[in-house]
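The structures come next, written out as structure tokens.
After this come two complexes, each holding chain A, first together with chain B and then together with chain C.
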Partner chain A sequence: MSEKYKTVAYYPGCALEGTGHGYNRSTKAVGRKLGLDLIEIPNWNCCGAMEVKNIDPELQNYLSARNLAIVAEKMNVDTVMAPCNGCYHNLKKVEHDIAKKPKTQEVVDRLSQKAGHATYQAGEVETIHALDWIKEAIGEEGIRERVKNSLKGLKIANYYGCMYTRPRNIFPEKDQGEGSESTHNPHYMDDLLRAAGAEIVDYPLKTACCGGAHTLADSDTSTKLVLNLLQTAEDCGADVIATECPTCHSGLEMHQIRAEKEHGIKTSVKMLYFTQLLGLALGLSSRKLGIHENVSDASGLLKERGLA
Partner chain B sequence: MNTLVEIESRLLEMRQVARQVSDGVAPQSPAAMTDELLNLAEQVMTHWLRGKGSVPTKAKKEGFRLLALQRQGSTGDPSFNACRESCRELIYYHNLVHLEPEHPQIQIRVGMARAVTQHLCLFIGGKMQDPELGDFCCSSRPLHTAA
Partner chain C sequence: MPIHEKSLIRPEDLTEHEQLEIDGVDVSGHWSTFIETRVVSDYNERMEEEIAALPGGEYIHRCFQCSSCTNVCTVNDLNPDFNPRYWIYLARMGFEKELLRDKDLLWQCVSCHKCTHVCPRDVAPEGVMKAMATWAELKGHTEVKPAAAFDAEFTEQIVATGKIEEGRIIRGFFKRTGQPLNQPWLREMSLRLARRLPILMGLKMALAAVFRPRTRDWDKSRAAITEYIAEREDANRRALNLD
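And now, the complex of A and B:
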């Protein structure tokens, strides 16, 4: 085990306390099982998500920076881990903007002073995703050694969504050659789940838009985009779509239902968070991993495969 | 040139055709199907560019007009880059099908080419109805426009 990310600050974000509760539960359970320590950021706030970014991107930067400032000032760690793609993206974005745009630093300084807390300076904290965390701290070999219940025979299409890799200029650590994550063809989830015994199918839509941000404003477009993602996963032979973002995950689940209702097209592929799949392989119960909290009911499939 | 609705409808038809490839009863060869898919993708791009008041380029990038059109579409509109990988995936499968027409996975390859073309059509079609699709999530328009 690498000591690098053994202890990290944990930023669950709002979705993991709501629709993505199973992701929160499974991330914590897998961390415990792997001997990794998560310390939740005290008094964290919303990262500004898409709603604030839409109206005022600098205000959104401030909201994200406040979380990083708490880690830098009050926690004895230098890394924050965000499992939600939206949160991860926004924390990386403010890091980028503070480093490159004097106006962002000025706004963050001014609002931090007004709110009465320390400001954030670029480089004080490193932001990572849950995938980076497990990949770097444990790695494929570490997963292989710990597998108690192999995912052998389970065919998985990994769906990374859009915000994990785009825009690529806010992820300077990616595309750095062998071993690093790729923004064109991300593979960390493939590496980890393959190490847990799963068969990873080629999935050409792994970073394609699911229409997540427009799921309420333009549901029909989102449903069609998701239906194509689901049908393509089935055409690839996948039993399961593994996700790493609560927005993508609930979008896939909800629009799977809506596609059947609105278009009469039923798809049977199941959605599970990658942490839930890893947890099953590590011998954790589906209850501990919050699989019962997913809308997509994978219990039959998991029982059939001897995984639950 | 086909309308977006016609393209979407043709892509749905091609889902069934792609499934007939390995039975040898498909009315088109796999290579002809991926050529048609590439052409449909170029038509989708053309709709987007014309809708934005641009004259679609006839140039090619890395040997493909689709990539030149995608580049043209994203100039001044970085959210359009959200479909760059789909264009590249389509070309990847197109090339595989042309290079290895007898490959045992030919049906899957044609099917994947069709799926990414459909994604392209839905994403761009969605953006033509709602231009902010992709602006405030993956492609972060504020980040790009401010930089």
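And now, the complex of A and C:
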């Protein structure tokens, strides 16, 4: 096990305290099981998701900068880990903007000063996703060694969504050749779940959009996009769609039901957070992983496969 | 590469003669399709500036019309009339009236960032789409669209407490847009969740609805943000010569 990322600041974000609670629970449980330490950022605030930027992009940057400033000033760690794609994206975004745009630094400084807390300077904290965290700190070999209950025979389509890879300029560490994550064909989730024994199906929509930003504002569009994701996963032979973002996950769950209720189109593929799947392979109980907190009920499938 | 532009000539700008002979050649029907000549004189010369001044629009001037954005666009794939490249062209040319024909589509960008990812000129077209929707709303061409109502609800909750609570967002959004909360699919979702959710977790969620999650000592941040938003809103209105 590498010492890198053994202890990280943890930024769960709002969704992981609500509909994404299963993701929160499973991330913490998997971390504990793997001997990794998560220290929650004290008194964090919302990152503004995909909404505040439409009021003002620099205000959205301030929200993330405040969280990074707490890590830099008050925590004895240099890395913050965010499991939510939206939070992760926004932390990456302010890191990029503050280094490149004087206006961002100016607004962040001004608002931080008025709010009476430390400001944030580029490069003080490194932001990573939960996928980077497990991939770097434990790796595929480390997962293979620790598997107690192999996911063998479970066919998984990995769904990465939008915010984990786009736009490329805010993720300078991606697309850096062998070993690094790819923005056009991300594979970290494939690598980890394959190491846990799962069969990863070739899923062409791994970075397609679920319409999450408009999941309520334009539900017809979201339902169409989600239905395409679900049906394609089924066509690819997947039993499960593995997710890494609470907005994607609950979007898939909500619009699977909406497609059924409003259009009479039923799909049966189940959604599980990748941390829930990893946790099962590591021998954690489905209760500890919050699988019962998902709307998508995978309990039957998991029992049938001897996984729960 | 798919052809996205076939629909861009408006039917009213096309003329077709049912019976027409030119120099002894029969060109009746679609053989005689002509595009009407037109002279545009009602430009909005400040249109690019106006959109550039609004949140997200600042790099519109960089566009060189390669259409990478439209080619990868998630929404264009569902509706070919949603055409970022074309709209950026219209805005830069000052063709306000032409853009307004699509005014009720502008808000539908789902922020997938595919356009910003591929744009070779760093226009950030996703932001430009948001700026255009804001522009149409501020100028009174459209009502407040559902996406803007959602953004406002979300932002207000963060300003108030530093955090959002999803149940409150759903209730607030449906109230703002005058929709009944009792949607069959939302009801079904709550039912399915309730069936399996342990009582403690259910209780916790109910409590979150009453005692809102909040960031401690948020007062000074709230004051700073409130002042900043007011300042930005003033600047937006000034840029559009409103008031």
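Convention: the second predicted complex is superposed on the first by the 308 of 308 C-alpha atoms of A that agree within 3 Å, B and C clash if a C-alpha of one lies under 4 Å from a C-alpha of the other, contacts with A are read in each partner's own complex, and residues count from 1 in each chain.
In this text, contacts are C-beta pairs under 8 Å (C-beta built on N, C-alpha and C of every residue); 3 or more make two chains touch, one makes a residue touch a chain.
Predicted model only: the values in this text are computed from it and were never measured.
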item	value
Three-chain arrangement built on chain A, chain B and chain C clash or fit	clash
Which superposed partner A:257 touches (first chain B, second chain C, both, neither)	second
Most chain A residues touched (candidates chain B, chain C)	C
Touched partner set for A:204, first chain B, second chain C, both or neither	first
Touching partner for A:175 - first (chain B), second (chain C), both, neither	neither
Touching partner for A:14 - first (chain B), second (chain C), both, neither	second
First, second, both or neither for A:40, with chain B first and chain C second	neither
Partner chain(s) touched by A:114 [first = chain B, second = chain C, both, neither]	second
Contacts of A:59 with chain B and chain C, given as first, second, both or neither	second
Which of chain B and chain C A:231 touches, first, second, both or neither	first
Touching partner for A:167 - first (chain B), second (chain C), both, neither	both
Clash with chain B, by chain C stretch, listed 41-49, 59-67 or 131-139	59-67
Contact residues of chain A, present in both the chain B and the chain C interface	50, 53-54, 57, 162-163, 166-167, 169, 208-209, 211-214, 217-218, 221, 224-225
Interface residues, chain B side, partner chain A - complex	15, 78, 81-83, 85-86, 88-89, 92-93, 108, 111-112, 115-116, 118-119, 122-123, 125-126, 129-130, 132-134, 136-140, 142-144, 146-147
In the complex with chain B, residue positions of chain A that touch it	50, 53-54, 57, 86, 89, 93, 96-97, 100-101, 161-163, 166-167, 169-170, 184, 202, 204-205, 207-209, 211-214, 217-218, 221, 224-225, 228-229, 231-232, 235-236
Complex contacts: residues of chain A adjacent to chain C	14-15, 17-19, 21, 43-46, 48-57, 59, 62-63, 66, 107, 110-111, 114-117, 162-163, 165-169, 183, 208-209, 211-214, 216-218, 221-222, 224-225, 253-254, 257-258, 260-262, 292-293, 295, 297, 299
In the complex, chain C residues that touch chain A	55-56, 74-75, 78, 108, 110-114, 116-117, 122, 124, 127, 130, 134, 145-152, 154-155, 158, 162-167, 170, 173-174, 184-185, 188-189, 192-193, 196-198, 201, 205, 208, 213, 215-218, 220-221, 223-225, 227-229, 232
